[in-house]
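Mind looking over this structure? Questions follow.
In order of appearance the chains are A, B and C, and numbering begins at 1 in each one.
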Amino acid sequence: MAEIKVRKLHKEFGAGEDRVVALEDVTLDISGHVFVSIVGASGCGKSTLLNILSGIETPTHGQVQITQDGRPAVKGYVFQAARLLPWRTVMDNLLFVQKDRSEETRARCQRYLEMVQLGDKGKKYPGELSGGMQQRVGIARAFSTEPDVLFMDEPFSHLDAITARSLRAELQDMWQETRKTVVFVTHDVGEAVELSNRILVFAKGGRMADDIDVSLPFPRDVADADVALTKANVFKTFENIGALAVS
Amino acid sequence: MTALAHDTRPRRKRSNPALRALKSPLSGRIAFPLVCLAVWLVAIEIVTAVWPFAVDVLPRPSQVFSFMWDELTGDTLAPYNLYETFGISLKRLGIGMAIAMGIGTVIGLAMGLSKSVNAFFNDWVVAILAMPNLAWALFCSLAFGFGDVGPIVTVVLTGIPFVIINVREGVRNAPTDLYDMARAFGVSRSDSIRHVLLPSLMPFMFAAGRYAFALGWKGLVVAEVFGGEDGAGWTIKFWYDAHRAHGVIGYALFFVLFALLFEKFLLDRLSAYFFRWRPAVSSTDVVEELFEGPPSAATTASAVSDTTTAAQRSLTQVTAGPRSEREGGDDTRRTHDG
Amino acid sequence: MTTVAASPPTTDGPRVSEEDRVRAARRRDRIRTIFWRLAGYAFFLGLWEFASGRLMDETLLPGPVDVFRTFGDLWASGKVPGAFADTLTRIGIGFAIAFVIGAAVGILMQNRWLSGFFRDAVTIGVTTPGLIWALITAIIFGNRPWGPLIAIVLTTFALISVNVAEGIKALPKDLIDMAKAFGVGVVRRNRQIVVPHLAPYLFTGVRFGFSIAWKVTVLTEVFASSSGIGFEMRTATQLFRMDEFLTWILAFYVFALFLEKVVLEVIERRFFAWRDTIKS
């Protein structure tokens, strides 16, 4: 089982007048087969938290520990922009992040490409694909390393509503099937309610303001009344803590 | 509403295909050499009739063309024929380019990665950049006498500042988002270098190569004029000294043809191969791109007050490859992280 | 993976020192840059001086000291201003003509047929070494003044054409249409929209056209002149006075750099100050 332990995580930039606190003494625990969303307005530190969890950035102080059954966890990451190597084919992009290039690995990568309906696009270059397809390759890439923990940073925010909606459904299916821990950052409350069973609300200044359980059954339909109600409740929570205030 | 019994829409006159062809840019392009020829013939008549002393020698087109034909068939009064001559020059250019690319890449990488190294070399790169190749050519010819060394060194000196600047730009434009991605996935350092760093530098290296070629060629010719005993530059000087204007003009035309052929066929083919992953690569003709593509980074160079990068960009207009290549590793088509 | 970072701050005091630390780091950076820059000068000038005495014959490659001394002598003898004046006049006239022709071609190329017509002319103009033009005009016109001028024009016009053509192609049609819709007159439209838009393109053309023009001018003077810097350079090499040769080329080169960097860049900065505000 994957476990994420964060203790008094603090990140700030600059000094004196220019000092900006991105995360303020954040403490939290995530474990098991959960889909956790981190929601907040711009500048509340959610991307920073994700970057630190995935190892791209280092904290100013505090502790982070991400383990799978005692050993260091394997991590996957899906970015806002697909971040594919434009000079390599789709399949090569998946292979790039694998530990080896064996036949077995190739087959596994091909499986994940098929899972995102791009099984026949392995030899194409990213430049030949649409934005939505590129993002699906990014998702396939992240899943293909079969990580213990999957980090996703607003992966659908650059896509049009229709593509985003179908990708959300795909993501939900994949999560159900593969049973991993997902940490998902978004500014879209509706998306968070639709996808996750736990929502962490962040307010301006990098402060974790609330921890909400969403225990509706999966799969969730956006048109469902319960889902809509939950959304409304979450929004109310936001207003209460002033988390929606614009900087 | 019922349909009309007959079509009363104004009918478009079916344009005469011949007329359309005549108005196309291609016909303009063909017209140009014809007009030049006509002007040339007229000029000869006018000059010899009205101002007989205004020129020392004005060759007729027929003289020039028969000279060129002789050269092409290997019949020449010069010590080496056309093919040997260009072969010698090309060999020197190749060696000089290899050296310029090699040393220039190392220095450019160092300058891009370290501010101290940049401070050390920068003013000198600018200085060498602005130096006329005439100076290098004269100096090298006097220093190294006849033979290959002088021209090769000239090629190196003319090309190296552009290689350095381009490679430095390549380093500065490194795609940090892709590096972050590799780091997030725990990709090994060597794999990152092989699959992220080197390919991202390719467009800049290619631009560097194009400069090294175009400018190196110009420098080479000057060097051969002043201090050689063979090669393309020396040969054109040979005809100049022999007072054969048709020889000078004929060889000059060979120069033009050579440069055009090389750029169009070799370099553009290479570019298409190396950058086949680029979605925007289309046209193969340098100047065509300039006039049919949207304005490039070249002319917005005025926003940059640094002579070096401006020089690079401005000259990019004239010697570089397709626009997309010129923008280096810029993946403008993809969405960027917020 | 466990990440353990630095210990948390103890009091409020350290925040002030953080600010000082950042400032100190920036100052260190600046000093380091200046140091390495000076080190570069010391290295290359020293290398030159060394090469002059040891690696190559002194008569073949005079060191920096010799060159500066010779410059003083030449200046005193009055040859320098005369030669500079001749060369600069040639550049001025040649460049002016090149600019007019280049701009005209650039404007004409907005027409489809004419763009086909001039296309090869521009390509040839851009790829042909100035030397070729210098030789051709030298053999045809001998020592007469218009030979070098024609060579300068032929070498320079193409770059200006390209810049002008690009500038016109990029004219912000939407702004012009907007002005027309508001009933703004032609003169005012040109002054407020067209000219400011074209200015940077023209400027780039001038700057690099000038750079090419002065180099070609000196080249033509080497072959077909009896005055000017190129001529002095040729004389110096024929008499094997390398120190004089180097002096001439360096003097002119420094002067041209001065023109390019100082004069043009100052004008550019004043003219295009508005662009910086947009950038920031």
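Note that in this section a contact is a pair of C-beta atoms (placed from the backbone, for glycine too) under 8 Å apart; a residue touches a chain by one contact, two chains touch by 3 or more.
As the structure is a prediction and not an experimental result, all values here were calculated from the model.
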Chain contact topology (line, ring, star, complete or other): complete
Chain pair with the most C-beta contacts: B-C
Cα-centroid distance, subunit B relative to subunit C, in whole angstrom: 18
Euclidean distance of C-alpha centroids - subunit A vs subunit B, Å: 47
Centre distance in Å when subunit A and subunit C are each reduced to the mean of their C-alpha atoms: 51
Touching two or more other chains - residue numbers and ranges from subunit A: 55
Residues of subunit B touching subunit C in the complex: 23-29, 31-33, 35, 54-58, 115-117, 119-124, 127, 130-135, 138-139, 142-143, 214, 217-218, 221-222, 225, 233, 236-237, 240, 243, 245, 248-249, 252, 255-256, 259-260, 263, 286-288, 290-291, 294-296, 298-303, 305, 307, 310-311, 314-315, 317-319
Contact footprint of subunit B on subunit C as seen in their complex: 29, 32-37, 39-41, 43-44, 56, 60-61, 109, 112-124, 126-132, 135-136, 138-142, 144, 158-159, 162-163, 165-167, 169-170, 200-201, 203-204, 207-208, 211, 214-215, 218-219, 222, 233, 237, 242, 245-246, 249, 253, 256-257, 260-261, 265, 268-269, 272, 275, 279
Contacting residues of subunit B [partner subunit A, same complex]: 177-178, 180-187, 191, 195-196, 199, 202, 276-279, 331, 333-338
Interfacial residue positions of subunit A with respect to subunit B in the complex: 54-56, 75-77, 79-83, 85-88, 96-97, 125-128, 131, 134, 145, 151, 153-154, 157-158
Parts of subunit C lying in touch with subunit A, wherever the complex brings them together: 1-8, 15-16, 18-19, 21-22
